[in-house]
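Here come two complexes built around chain A, the first alongside chain B, the second alongside chain C.
And then the complex of A and B:
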């Protein structure tokens, strides 16, 4: 196919970058406008792609392929291509990225207080990186785009963050740098086993019963040991990204010290890359290993859920509550993956999208509150519903969505994820459901302590949401409700692709 | 007369045109320097040096593609391997001279510690360059030692040019002492080889060394190898002979630090690769249990691999604790030497291309970084890393360029350094050296911490001053070229690799001279 739609989509934010370079730094209005517009373009294009996406087709769509350069390895040259494409798994995430990108760009106009030019330049690079991660179809390109999200994020956290920003940025960089180094090692090892970088070709090589890599006695046969090794190494790399306890400490620091747009991007999209990698690479390339280690994944998931919930329950800062809540929700994704059946995977992807939207919305609201009160401590806040009824209302709604109230995206995701797991491991799933109860408890505690109760004198004159804040909140909430009441928008593109992954597992 | 000068006259001396050019220009500069009035401006001499280097570069290009030419009874050979290294040396020297024009102009940290504007700074740089060029072209142990000493002695003086600067004196002294020990070690190692083979010519040595091994002299060959390698590791500042680097890098004038870290190091690599691959390639163990195998590959280079790994670990971990930017760069350069040793240690079939590619990337990123370091530390009058604080507000383009140089040094895409490292990493895996590749990646992650420490200063810390930094034109040119090179090679790495591959058949290193 000759379509260049995906290239346009992936690199469209860079158009904004070029414009931004030529705008003087004093023109803050123009800088903000271009910054936001450079996220609108990919948003439009993402919906164009989604509209043109053939729901019935299981394979890749909008495929593009160009030769980029070649790696000399001994006597042969191995071409490294520029390959893009989307399937049912990446399509929802591309749309999610575009939405969160727009959300973060708006948040940038409100919460970023200096150096807008640099901020939006870094932002556009980051957005391109995130879109590229989901549209790339070979390991090398995936790695490049992955790094493209990492370095700008380091700058954004370190420059625009709060008091302890530099430490947070460094911690973020070192943890994620380690993760991407491990990832690179695995990618190269995969390349050297099957001599291709293309996702589809690797998948075929590893899973097709007829492939020489799976034929015992063939000279290129890949043994169990190597497969286990690669799987575990990848799991560690993505565990840092997601993050899975105990590799989550960078995230706690990052969420409390980063500027709002960075938190939106990180909680909305970046940590989903870990989950995406888990499904695309771990499960996609090594289904047998994944099947055998499903128990491990499930246990890790339950630990994440319970650990996140318990810590969220005792935090005194809203940002920390949300950070631990993210860990707990990532656990649900793990459970969905561990189910190793179509329903479970569907739940995992639902949860990725749903949590991306809800977490970003809640962090946005906390930032709105923080901007007015300069605190996110639960014992300081209280009763702000009187002065900020609209924000408080959205906050409560988002919290309900996060806790899995029917009719919102959180419910359908958690429901399908647990449904998938109950078929395979009822006991672990039962323990995991404890998390749902705990989630409701800590979220209600946080929201009620913030919005209800006696209003302190300090909070009686707070301004409610401004139009610029209302717009993205309502938009994102709209998507949350849309997925909740009409899940087909998400499940239809997924179904065909997931059917393609699942049968090979052979339960 | 006829019989005595006959062979000399028959040699094709034109192939040595690059060396002669440098020699003549260096002599010319020293004579002009002598005749010039004491207080006149000596900067035009540097321009003379630059023009001479460009001319020499043109001669090197004329020499390429003509196969291997040997002169002086097979002791000096002009081949693609030597030529490509000569181009790297020349480029590095041009950068160094450009930097020193502005360095001498702006001076050192304090008034009395300034380098006096003397011509020797320029002609010694050129003689050091000449030494490097001889090193890369010699096919005889005596010639290569002459080249090595010419480079070393010139650099000893250059390191100490800040006569009234305490650190500069200290570092020059350390450099002389440890350098002499290193040279002696090399010589001692070579003496074993001479004793075993009765020749100093590397090609004859190669043939006879195999016989010597079979005759039961394995131990002596091992000793010779390790003594020579340890001595030469001084030049590339890798473990075990790396401890001089931090002190010397700190004490030397910054352009000389850049010269040592790029040209001198590249010369060391040229020598190591040429010497060991030529002389040791036919040492084969026919009696081994699992069939005949090359002793170089199966035994000796394993130790080199271990030393490379230790270099990466030592360099990258000690760099974490540095507060002086030049010391940090010294440890960084120890680590980089470890990376560049990997293709040699694993002896991939693309060892030459990979080494040369990495050295080109290293030339660009390191020269760019040192040019900026020179300007910033000179302006703030301190070499503390905090001198970079707020650089972004003072000189945004300098800060952005520095960011890319540091990303490249850390091996992060999209930069020349990433691909340099990536190629090395790939082929060391292809050769089955998983542990070495693993250490390479792990230590790279460690290096993020200190490279990003500088980035953190530039963007996230307020500087003492917000005054715009004045960047001299010469420095701007270096930074611009290095920046375009670093990013450009990072986007189209293939073109550089193919260029090397197509124009420099580096395997001719071990071919007999033709025509």
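And then the complex of A and C:
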């Protein structure tokens, strides 16, 4: 209870921010160093927390609770608390965020070419926001941290992005702003019915007849209709974030026009917030509704998978292939959630972490190639394995991980999510497995057209990966392999928590 | 020895890791690491086999907890039983010889260490598959085997054909893999476990409905169809010829394609429990046997003929396993073993030929026997063995298959097997006569025998291709008894009538004779049969246009559909959004100021959101409180 570990972890990037403010713009080396270091501290702390995490315990750990301020409401002062904590669901995502944060910070030193001071300032805010999203334990804090990821990202895209960056940034802000507006309304509505902001208390109030929040002796009375309404509204908000087709178009632009570190953060962590919200709020607060609408989620998941695959199949730019690939992989998370059983949820969380690592790695590799060739068009590239054997090898390995090759995290995630759904809806799951084939098709097409084949004269003298590029790639690949070979590192903290989330239908 | 069987796959894995780390420095001495590791694995495998083979030996099982799903524990581990003890020896032996042979064959290739690292990984994956005690672990290694074969087929990555072939191998087999994936998933929920022992116990206890058994049986077989190149997923195997020839030997004999047959053999109790599923196996196998043989009749590329012969022989194995009888089980696994020896031999010998003449077209060769006596002799042995001539290894196993089919009363399938045997004998000797006898097509070429490092592995395989059959003769079926000693109904296995043996031998001799007339003595012109039926010849030569069919019916429509969806995505979905958010443009102007870094403005926007939340809370409280 007295632990302030999570506060330290969440706000540790801001230490870097303070230092950055005092470093002159011209000292680019120092700016980059501090930028990277400000991501190392949370990385270390994240592993400290992970190491101290009690695997047996289902509830929240490292809980911190402070009265922050209060709002006057008629006669009473309603307190707004500062509440942090992690459980098995958020723990893996905190570690993921820290890893991707480090990855993106290094990417910043390589791929950002101007105004490092502002860049890293925005970066540290974003990192704190992302960590906070997963550690916060009430709606108010969650929303603030959520916004802390949104606004800096808008600037990073708009300032450091590629040619069409402003349009992309605006689109990003519009969609995500709309999403957070909807989320805000839902949060307010939830608060108005249970008079608390705390996740656990809301969950208890909504689902447990004996809860102290209920005076009537039954779960807080919100009508069937309102529950459905809130569920759908939240689903839309998180569907934008994940994204779920047809709300995905902001992401396509964002991935093609954003600077590399922003894409790593987006594909690695930000879109996972949508999936996290889906599990934490939609399933956590409205288990009956989730159970009722599981079929809808499964169908949306299959549509996402197949739609993403089919589009990825014909794109002529690597970044577009990866963007649609992300949509497809988000569909697998939906399938896991739709299963509404422990196996499925476990698969969904596995897939969040796994896709975060793999997608970030893939985008990083494409950026490394782009940096040297100034193109990501498939018909321009080809045969670069000759001049860049290391990068090409990693690219193929990452693609295999993404296509679900055993021994790497993609397989066990995909397999577990599907396995969960096969228990409940075998037909829909079987249709979804078409995606497994199509994923291999589009990934091999993209990777082989880039690396295999005859080497054009333009690409015979490309430099292979530099040490600074090798380090993060190997590190992330190491995590991908670790999870693939020994998935218990991920599943053990999850187990106890997931048992709590699985809807107890009929009880 | 059995308790240390887990080391068998780990040795090649260690070699792989070493080669990845130090391959660049080691250059061609990489070969020694690979050879040593596989040699050690082979010795261990042999020890394991002998220990299991000894009278009174029991199976060995070890597993540890790998992952949990709620209250369900998923294990990883290893198992030694009769079938996989035999497989371990076959795989390590063939792999060892391929490792040795490649030292000569790949000499001078600039990616020599990479090649050896792939070989080691391939061997590791296949051995891991073989010792798996549960279906999930099988699936894991199954996929790794697929990736390794992809890597090796695409080894000459700069060649567009190799790129296309590698991609095809991966994707076509993956279609099958998805069948297996679904089958395993469903089985897990029906039985509650991936472990073979649990699955077989559940089958015995009647825990599964019969439709479930059939469904799972067929789904798992789909996986085997992909891996073992059975119709209709056979198309990748002939194209996989783009890889270096030693790889073909490995893929066709001991690793990749053997995995499918092995899987069906491992799941044999499942097929015994479902008549429908086993009939599907039998008919697909039988059809593939004759279908692929009929394509082999007309191909001109030496490796392609061998590839179709593999497809056809694998069909035989499936046909035998599909009988769901003990005799069928023995015949199928026995043929898997003899085939491993003679097919590895044939490919290595073909590689030796290609190495010498630098062409793969059999009608550009000719007269090679004089110049390459060792290669020619071992190739002839391979041909006699695959054609099923007494007393070569192929004779014994093919007899067993035909006998098992006949005893089950499937006369149609029996006839198919006999006709396919005729085709096999014909096209194999067509290959032999065209390549090794007659006059050289191009006398200017200097052709000489391959070095010892290549011929010695071939000679070893040739010896086995002669004698391996004697381990399971009708009079003394040592292997069969041992393989099935724990199986129910083993004693019922009775042998087929003697006349089958006579008929099959005559048919094969007839095929050889016809080939000799056309390509050896040349008293019958090559076109004598093809010319009256040009369409039939074309059908066979163009492989029944299956590739074209898939291309036009699946690949292209899929691409067109993808293009169509892209249009929908860009113009309709995104267009609608733009329409709805008509003010995007207006805001776009405001967005231009982003460049000026007016952070305050946007901080304000964020702050406004938070204020809104606070107001909402207050309002809510006041309103309802």
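One rule holds in what follows: the second predicted complex is superposed on the first by the 491 of 507 C-alpha atoms of A that agree within 3 Å, B and C clash if a C-alpha of one lies under 4 Å from a C-alpha of the other, contacts with A are read in each partner's own complex, and residues count from 1 in each chain.
Quick note on the criterion: contacts are C-beta pairs under 8 Å (C-beta built on N, C-alpha and C of every residue); 3 or more make two chains touch, one makes a residue touch a chain.
Keep in mind that what you see is a predicted model, and the values were worked out from it rather than measured.
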Which superposed partner A:184 touches (first chain B, second chain C, both, neither): both
First (chain B), second (chain C), both or neither touched by A:475: neither
A:70 touches, of chain B and chain C: first, second, both or neither? first
Partner chain in contact with A:296 - chain B first, chain C second, else both or neither: neither
Which superposed partner A:407 touches (first chain B, second chain C, both, neither): second
Chain B versus chain C as contact partner of A:144, first or second or both or neither: both
Partner touching more residues of chain A, whether chain B or chain C: C
Which of chain B and chain C A:58 touches, first, second, both or neither: neither
On chain A, positions contacted by chain B and by chain C: 71-74, 143-144, 147-148, 151, 154-155, 158-159, 166, 169-170, 174, 181, 184-185, 188, 192
Chain A residues touching chain B - in the complex, by the definition given at the top: 68-75, 143-144, 147-148, 151, 154-155, 158-159, 165-166, 169-170, 173-174, 177-178, 181, 184-185, 188-189, 192
Chain A-touching residues of chain C, taken from the complex the two chains share: 65-70, 72, 136, 139-141, 143-144, 147, 154, 157-160, 162-163, 166-167, 170-171, 174-175, 177-178, 181-182, 185-186, 188-189, 558-559, 561-563, 565-566, 569, 573-574, 577, 581, 584, 587-588, 591-592, 594-595, 597, 599, 602-603, 605-606, 609-610, 612-614, 616-618, 620-625
Contact footprint of chain C on chain A as seen in their complex: 71-74, 76, 78, 80, 118, 140, 143-144, 147-148, 150-151, 154-155, 158-159, 166-167, 169-171, 174, 180-181, 184-185, 187-188, 191-192, 195, 197, 245-246, 249, 252, 307, 310-311, 313-315, 342-343, 346, 383, 385-386, 400, 404-407, 411-412, 415-416, 418-419, 422-423, 426, 429-430, 433-434, 436-437, 440-441, 444-445, 448, 451-455, 486-488, 491, 495, 498-499
Chain B residues within the chain A interface of the complex: 348-350, 353, 407, 412-414, 422-423, 425-427, 429-430, 437-438, 441-442, 444-445, 448-449, 452, 455-456, 459-460, 492-494, 497, 501
